[in-house]
Amino acid sequence: MIQFNYICSFFLIVLGFYTIVTKYNLVKTVIGMSVMDYGVNLLIISIGYNPGGTAPIFTAGELTRASYFVDPIPQALTLTSIVIGACVTAMSMSLVIRMHESYGTLDTREIRRLRG
Amino acid sequence: MDFPFVKEAVSKLFSKPSCNMYPFVESPAAPNYRGRIVFHPETCINCNMCERVCAGGAITHTSVKNEDGDDVVTRSFDLGSCTFCNTCADFCTRHSIELTTDYHMIGIEEGDLIVSGTFVKKAIKKPAPKPAAAPAAAPAKKEGAAPAAPEAPAAPAVQPRGDGKPAQDPSKCVYCTICARKCPGEALTVDRKEKIWKLDEDKCVACGTCADVCPKNAIVL
Amino acid sequence: MNFANMTDYHHFPIYAIMVLFLGAFIIAASGGKPSKNPNNPAGFRAWIALIATAASLCFLIALIRPVMLGGEVIAYWMGSRGISGGYAIGIALEVDALSLFFALLIATAVFVSAVYSIRYMVHDDCVPQYYVLYCLLAGGVLGLVLSGDIFNMFVMVEILTFAAVALTAFRTKVYGALEAAFKYLVVGCMGSTAILTGVIMLYAQYHTLNLAQLASLIPGTMNNATKLAFAFLYIGFSTKAFIVPFHPLAADAHGAAPASISVLISGVLTKSGIYGIMRLTYFLFQTMGLGRMQFMLVFIGSVSMFVCVTMALAQHDFKRLLAYHSISQIGYVLAAYHAMNHTLFKGLLFLAAGAVLHETGTTDLGKLGGLSKKMPHTTVLFLIGAFSISGVPPFNGFASKWMIYQASYQKAVDTGNIGFLLVTVIALVTSTLTLASFVKVSQSVFFGQLPKEYENVKEVPFGMRLAMGILAALCVVTGLFPKSVTALLTEPAAKAAANVGSYITSMGFKTSLPAVEVSFVEAGVWEPINWLLILCIALLAVTIVAVAGKYDRVSETTSENVETKYQLFYGGEENVYSQVGGGDLFWGFKHNWRHYFDFMHKLHSGVVNDYALWAVVALALAIVYMMIAL
Amino acid sequence: MTASIFLNGLQYLGYILIFPGFLFCFLCGMLLTGIDRKLVARMQKRVGPPILQPFYDFFKLCGKETIVPAAASRTTFLMAPLVGLAALVVIQLFIPIRGFSAFSGMADIIVILYLLLIPALAAILGAAASGSPYAGVGLSREMVTIIACELPLVLVLLAIAKTVGNAMGTGLCFSLSEIARYQVENGSLITKLSMIPAAVAFAMVIPGETGSHPFDTAEAETEICEGMHAEYSGAPLAVFKLSHAVKVLTMTSLFVALFFGGVGTGITAIDGVIVFALCVVATALFISFVHAVTARLKIEQVFKYYWTVVSGLALISLVLAWYGL
Amino acid sequence: MFKNLIAESTAKSPWLFHINSGSCNGCDIELVAVLTPRYDVERLGFKLAGSPRQADIVVVTGPVTKLSLDRVLRTIDQVPDPKCVVTMGSCPQSGNVFKGSYSVCAPLSKYVHVDVDIAGCAPKPEAIIDGLAKATEILKTKRGQM
């Protein structure tokens, strides 16, 4: 059933892209970015998943050739990615708040002083 | 794109230039060209008609009394203010002004462009013993029909005054006021209603214009 | 490897990175209270940042001898955890000539910009925080280029994107700063996500994140997933390099950011993207068919060159114009090794723009003018930068562009591919257009009439001039000694880029890739020193004659009205302000291209959704190209 | 040893100052402009100025007062003409005269392409430094003219590089001295089919590069007061006039060197005369004649003309060269 | 010797700058006529310059209207030395038929030193050539004195 994970993550990423491209509200854009991030996180976690594997927590003595566990590296990567995603969301939300203060709107079609 | 001048340019390259090589070769002006003014002071009667008709205000005169009490008149033409329209020459009854074909009119020093002439205008004596110098000189200078006008129509009805100033023949005069309008010195006053013809002798310069213009030849000099 | 000695140069790469992060930490820990000194509101924190960047630069310079000249590849395993069972377990720094080349550029730009910042940022508040972000940005980029681990590259990309976005929005009062930062954040985030996706796809295939190991594993095991990964990585790094179609972000970000940060965005951030793309094409995916890939890069480069230079011609703002030029030059960088010169002259130009902004408070080309009388040094420095970027002979831009023309035409002839010929032509024409737009800038900003409100403008402080002077001197020197510079820096970097085998083996992995011999064939000749010598003799001769012949006969004036005499001639009018400049200076050119310009203007709509759409489309196209062509 | 270095130095100094350098440029350039002015006058059915007229103009201007406007940036304003002139003279040094080149092997055609920008750039900067709005308009037009000329010039030079490279078997040849040597050995390039459109295109570029009719929009004295030179007077203006003269010489001799490099006898002195005669012919045809038969174009027409007609010709030549014709 | 050369050259290459200070265009047409193939003053080295900075001889036509006076004087000031001011036609010398008008400031000689007056309304091209030749001589003298 791991394919379902891949399809889901693909769907999430595309949904994120779709939201960013088509929604003209800044908050929705930020949501789209988060959704896209979650899709990638799901993809990473799924890649490291081994059906039936245990958690990769061992002491040095327990680690043998026969140990069967999920790949720990993607989990570490996901952790990093989640942290980064949270930072990005926080940052973009703070920018959105400041933009709403100075532009008085959240419509991207009106926030286009820089163009050409 | 087309270049209509290609043929032109090539053919001109090998033909003689059409330049007027002026400073090296003299280049006479056209016969009727109106250039530098020549003034003949000896015929001038100081009627100032030229000054009145000059559009550019180029003609001026100064007069100084000499010891005999005569006026020494200097008439000057400022070429730098002249439009070379020839009106002064046209209006000059004595033909003292002439526009020549000379076009070399370059002023560097002050006065280079001033054409002037000086003549003596005899003071008017009340009982005039003889005609004024200027009208007398005129026929001698000008050989032609022009001076004939003042002399020919002298009618017996009224005697000439002898000092060159006009006298009216009331029998012929119709008080049309042409003479008054044409008088350069504004010496004549004519009233059509009252039938008055009056001459201010102090203003009259004895130019003869009135006699020239009179349609009825009612003025004698 | 012996790590007993702490001054062993093998430690230097990590020192170079850590010193910057440490600087960021100390500045952040010292609190945000501004100092009382009006000339340096950040107080000692500015000096910390300066020392950190200088130290980092010194560490990297010390590496020139072993890496550039000795040809060594430094492999540094964090915590001495190296390879176990044929797999890289630890996190590695790998410094070969290519990495060091970029690292040196970055460290130089960062150092110069730090020197500049001290006096430049006096008008701002929250300057201590500025230095925190500054050091983070510098450390992030340096970490990216020195890293030997692809996931670390991603982390560093995120750090630098984050710092760069924050710095872009740093002057929140500046027109459009928030907007620019947000656009950059959205598209940059999409790029980072693409990088992460690419990384994870590679990991899923090869179960390693080490660059060298990936390089040794990928050849021969090419499949669609690898191609997909490459497409994702390529798009991710091109958002960092701002190449077409991501150039509007660069224009926005450069225009809004403080000039010292524009230098970093242009000279450092874009280089990180370029570095990423180079690493990918030449290292990981070399066996995918280098020719096709090069063709794609060169194509994108040419499009970037031309589109951005024409966009620059239409700009009304000094910094936006420079931003578009920056990307236009990145096009050259993609096509060949133009990177070093790009960092130098672009940095110089942005610093000059910053100097103008610092003194006058605007960068609008239509409002400025005649500053050369008030700011002569800045003008000279700007002109050096402008000549360099337009490739006027004795300066460095010419040397590298000249190599580009030779190389691309040689390539066209060798491969018989007429596309490369087109590249040569586009590159040459673009260079003239670049010159045109810098003529526009010099006419609009530095020459012409001085507006009334700038009567009291002064020359910028010495610190800022010093920073510009360093870059200008480097521009001149690298232009005059192109062969030495090539031998010292560029050639090792180029060789290292092509020579994957030794990179892999020095990391302790096995590879079947043969060592590639890179040779530089020059079809033409160019000896700048001799040329300059002749020019100098000629100029000297002319000048002597001129001076002896009282060339400047000002003393002989006989006019009473000296004032009116030395006024400008306006058809006799009084001296009114009448400056010819601004965006429409090259009407004759733009009129013929008006449909193109109208189209481009509509295309660059400024709506963030459109830019995101471009990113998605670019990703889709990249995937399609990879699947079909490779 | 020291003596030979000294002599070598003296020889090079002589090159720079006398033969292909300053004195030669000064005399020949001025003479060419004089001939040009005379010929144009004759084609317009005028007598025209004496052939030595440019010399008179030059010396007269040298004796005039130099006015540096108060609004101008003094150093740039005064140095710009000198830099432009020096750069032009240096280009002249690189152009071979039938195999003889004072500084052979120091530059190739791409360098020449860029060096040709320097005099124009110097003029532009000087104009910008003068602060005059007329100069502003003039420099904008000059820049557009440069952009316009650049594309055909690039295409022509690439075609030459390919043609010579094909013939020499190296595939490519950028070096000027190599091109000259090839022509001396194998006859002029004009004899090749692919080079004929290139020569025509290059000839069309000459009036644009030298800023003569009908492409003199940048210096349109009747509309924008001499454009770039609006504020120049006295000796700096004289130097600009001289630069223009030298540029005529440079462009025509480059044309001769690139397309008629095989003409000559092998004796440098005689070849110099022959080359100069060819330069005169080129000037007469491409500058004087064109001047006489055309009227000034608008700047956007200049651009269009160069990027369509002339570039088209150059492109044909490049395609022909590509297929080895 | 060099000084001599410059003085000689000055006489052989005088460049004109033409100012129209409200002229009726009669004189302007004649001045242009002087440049046509018929008279071709270029054979004497004359040339119309586009900017006063390059001129030796300033030719003023027109009655120097009040609005143009300032401009004329400024332009004449901006001509580098040695220079020569030539008035052409009657208007700038006296005002001609416009004399006495509230809007006419002629003669020009009230404001600047005028070297040569060319009389005529409009002057014949030959007269212009004469006048310019005189102006050239004056230029040469001035050059010699500098």
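Order of writing sets the chain letters: A, B, C, D and E. Residues in each chain are counted from 1.
By definition in this document, a residue touches a chain if its C-beta (ideal position, glycine included) is under 8 Å from a C-beta of that chain, and two chains touch if they have at least 3 such contacts.
All figures in this text were calculated on a predicted structure; none of them were measured in a lab.
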- request: Could you tell me which chains make contact with chain B and chain D both?
  value: E
Field: Grouping of chains that still touch (sans chain B)
entry: one piece
- prompt: If you tally the C-beta contacts, which comes out ahead, C-D or A-C?
  reply: C-D
Field: Chain nearest the overall Cα centroid
entry: D
- request: Using mean Cα positions as chain centres, tell me which chain lies farthest from chain A.
  value: B
Field: chain D-chain E separation of Cα centroids, rounded to whole Å
entry: 35
Chain centre separation (chain A, chain E; CA means) in Å: 82
Message: How many angstrom lie between the centres of chain A and chain D, each centre taken as the mean Cα position?
response: 62
- prompt: At what distance in angstrom does the C-alpha mean of chain C lie from that of chain B?
  reply: 88
- request: Note the residues in chain C that touch 2 or more other chains, in rising order.
  value: 556-557, 565, 567, 569, 571
Statement: By the touch definition above, chain B meets two or more other chains at residues 17-19
- prompt: Name the touching chain pairs, would you?
  reply: A-C, B-D, B-E, C-D, C-E, D-E
- prompt: Which residues, counting only chain D, touch chain B once they are in their complex?
  reply: 39, 41-48, 289, 292-294
- line: Listed in rising order, chain C residues that touch chain A in their complex are 151, 155, 158, 162, 165-166, 169, 172, 175-176, 178-183, 185-186, 189-190, 192-193, 196-197, 200, 203-204, 207, 209, 248, 251-252, 255-256, 311, 314-315, 320, 601, 604-609, 612-613, 616
Query: For the complex, which residues does chain B have touching chain E?
result: 17-20, 22-23, 27, 29, 33, 35, 55-58, 78-84, 103-108, 112-113
Message: For a test of understanding, state which residues of chain C touch chain E in their complex under the given definition.
response: 556-559, 561, 564-565, 567, 569, 571-574
Field: Of chain B, residues touching chain D in the complex
entry: 3, 5-6, 8-10, 12-13, 15, 17-19, 21
